[in-house]
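To keep things clear, I will list the structure first and then write my remarks on it.
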Amino acid sequence: MGKMLWALLKRDVSLIVMRRQDGLTVVAFFVIVTTLFPLGVGPELEILREVGPGVVWVAALLASLVSLERLFGDDYRDGTLEQLALLPCPLALVALVKVAAHWVSLGVPLVLLSPLLGYSLGLEGMELVILALSLVLGTPMLSLIGAVGAALTLGLRGGGALMALLILPLYVPVLILGSGGVVEVMYGEAAHAHLSLLGALLALGVPLAPLAVAGALRIVLD
Amino acid sequence: MMAASDGPAPDRDRAQPRLTGHGLSCRRGDAALFSNVDFELHAGELLFVRGRNGCGKTTLLRAICGLTEPARGRLCWDGRDIRKLDEEFRSSLLFLGHRDAVKEELTPMENLAVQDGLRGEDGGDDARLDALERMGLAGREDIPVRHLSQGQRRRVALARLLLSPAKLWVLDEPLTALDVRAVEMLLGLFREHLDAGGLVVATSHQPMEGLRNARALQLD
Amino acid sequence: MFRKIPWFKFSSPPNFYWLADRLTPWLWGGAAILGIMGLYVGFFVAPPDYQQGDSYRIMFIHVPTAWMGMFIYLLIALYSVIFLTWRIKMADVMAIALAPTGALMTFLSLWTGALWGAPTWGTYWVWDARLTSTLILLFLYLGYMALHAAVDDREKGARAASLLALVGVVNVPIIYFSVEWWHSLHQGMSVTLTDAPSMAASMFAAMLLMTGACWLYSAAIALRRAQVEALEREAGNPWVQDELLGAEEGGDAATAAEASGDLQREVRS
Amino acid sequence: MWSGVGDFLAMGGYAPWVWGSYGVFAVLLILEAVLLARRRRQVRDRLTRRLRRERADQVREVREA
């Protein structure tokens, strides 16, 4: 079974890498949303610094939302999802592996880019490290929660807008904890509490979210 | 409700049926598709599900796979409920639906390799090449599927039949988009599978002739 | 066939319909009585607050609506569990019947919170922890109803929305906690709504009475809405014919069928 | 407690907020109840009409047979 799941992970990652276009679009989206803020708010680094962590995090949230449509969408349309549901291993594990592949290929680039964007918004030193770290802990959670919404809205007309309505409220704790950690550091405090709570959320999400995703996929495929 | 014309399988009648459906009813939304459908399928038999459009052929097939839960009734594999068997049942099942489950970006060879890997049945490149050749795709192994025709895609999907050790084939409209030669070849494949003690459940709008041990299940 | 329906089971639609018919008048009446009592105590017995003057009287509807918004979401999740586990259709009917009322209560809580905030904080909207998490709760309601309506197959939509309600209810405490925390970190307001200092017994009584009124009102509305839903979904069933035609023709569907049988025999002979 | 109707309506100077809250509260709850009652009547009427037609058809078929 481990071999099967490994094969699935490799397949998903290589498919996303093959469709370079999509992955790059999401990353470009992340960068562009972030650069829109200085244009809207003004170039004063003082102000940008204030909103910096929140801006990067909101941009990551939206980028994750944009990328989710593809998570199950292609497999659903070409019938692969049925085959995945018929694999001789639990659907929740299949879902977890798909989310992992999604995160490796789309979440990691966001993490890697975030210090650069944070720097352009006036964050420095430790703040950038914590920003990247909070994204490391937070973006898998975004993918996990997002997968539930993506599965529930599979094959619906206007699924994208509906998915945003379903998922974004659930993203709130991740957003608060993630950007809050960086703000703590900005005011000379430690970010331990925030980061460990993010970790706790992740520890809760990894076993629970795939169950919900599997349930949603069963409903959609029924 | 049900009319089954039993194929001549006298020697197998005494054996236990491997796949049975009992009192099956399915609904789609608020409309009942079919109700109280029974069937039995022994090793080496083919079940030909027939009926007009929208009578629930696909739903029945999906129920047999466990993708759809029937509103009423029981489906058993070797006498045990398929829901209880779960993974054990799924490892002896091969399902081909309306959609080919073939990735456009990948070549036929890559598609087969990925599917083998997912099911943990790695037969090696040679087996895959042989399968594609038998499907009449020799020389197209390394062209991305997006450049292939509809019928060729279907054949890539059908090549899995040659590679999988699954005993039960559940095929939804396997003959669509295939030319006469390919249909012949596929029926030959069925014969081999049945002779080896396999089971086939299939729907088709075209007649499937020349198959011994074929039972028909009329849904209406 | 008609008599085989297990009437003793509460979950069967006809029995539910019958029960709801008998319950709703009492619920309406109770809501009116409690409401009038609550308003009387709230406006004529409870003294003005020494800090907030008479503006705090908004509390008597702000707090009950906030509680109801929360409570109804929990109820929806509970019904969703029942629906997903036992596939009892009436559970989903109740869940979707509760949702609009829950959303309305949540909205009213936001509205009254804003109007209470205006004299207290000098602005209609502050990112107060309670208001913010109530706003998110409203989004959860909207998502639930939108998903329920978006799927063409009603059964599928019901299952998807039920699953969403479950995911939501697991998240609600996390959201509340994180918003609370976020607020305390960003130097919150010193005056929090609902913390009427040294709440007099009469204030508390008024709040409880109004909560009871809102509860009974929501129950009545939800039962009525569930009745309509059940009628629409079960339109083809004999009990609906009985319900709708039985009263005016003085017989139920079974006797009507017998009558048509009689007629048939008559015509044949 | 209140010295008169005017005093009561003034709500100690908080009239717009207090009455704005209670007013919208009352209006929306009543509106919900009224709309629901209307929908209920419409659904019942529609279904009754349909069922009556179906029954009439049945009777006619039997007569013609």
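All chains are identified by letter, namely A, B, C and D, in their written order; residue positions are counted from 1 within each chain.
By our rule, contacts are C-beta pairs under 8 Å (C-beta built on N, C-alpha and C of every residue); 3 or more make two chains touch, one makes a residue touch a chain.
Computed from a predicted model, the values in this text were never measured in an experiment.
**Q** Sort the other chains by how far their Cα centres are from that of subunit B and give me the top one.
**A** Between subunit B and the rest, the longest centre separation is with D.
**Q** Which pair, A-C or C-D, has more C-beta contacts?
**A** The greater number of contacts lies at C-D.
**Q** Take the average of all CA coordinates in subunit A, do the same for subunit C, and state the distance between these two points in whole angstrom.
**A** Each chain's C-alpha centroid was found; their separation is 34 Å.
**Q** Measuring from the mean C-alpha position of subunit C to the mean C-alpha position of subunit D, what distance in angstrom results?
**A** That gives a centre separation of 15 Å.
**Q** Please tell me the distance, in whole Å, between the geometric centres of subunit A and subunit B computed from their C-alpha atoms.
**A** Their C-alpha centroids are separated by 38 Å.
**Q** How many angstrom lie between the CA centroids of subunit A and subunit D, rounded to a whole number?
**A** The mean C-alpha positions of subunit A and subunit D differ by 44 Å.
**Q** Pull out every residue in subunit C that's touching 2 or more other chains.
**A** Residue numbers touching two or more other chains: none in subunit C.
**Q** Give me the residues of subunit A that touch two or more other chains.
**A** 222
**Q** So, with touch as defined above, which chain pairs make the list?
**A** Every pair of chains in contact is listed here: A-B, A-C, B-C, C-D.
**Q** What does subunit C use to touch subunit A in their complex?
**A** On the subunit C side, the touching residues are 136, 139-140, 142-143, 146-147, 150-151, 156, 159-160, 163-164, 166-168, 170-171, 174-175, 177-179, 181-182, 185.
**Q** Using the touch definition up top, name the residues of subunit A that touch subunit C in the complex.
**A** 148, 152-153, 156-159, 162, 165-166, 168-170, 172-173, 176-177, 180, 183-184, 201, 208, 212, 215-216, 219-220, 222
**Q** Any idea which subunit C residues touch subunit D in the complex?
**A** 43-45, 47-48, 53-55, 57-58, 61-62, 65, 100-101, 104, 107-108, 111-112, 115-116, 118-119, 217, 221, 224-225, 227-228, 231-232, 235, 240-241, 244-245, 256, 260, 263-264, 267
**Q** Given the complex with subunit B, which residues does subunit C contribute to the contact?
**A** Those residues of subunit C that touch subunit B are 152-155, 233.
**Q** Quick one: which bits of subunit D touch subunit C in the complex? Just the residue numbers, please.
**A** Of all residues in subunit D, those touching subunit C are 1-2, 8, 11-14, 17-18, 20-22, 24-25, 28-29, 32-33, 36-37, 39-40, 43-44, 47-48, 50-52, 55, 58-59, 62-63, 65.
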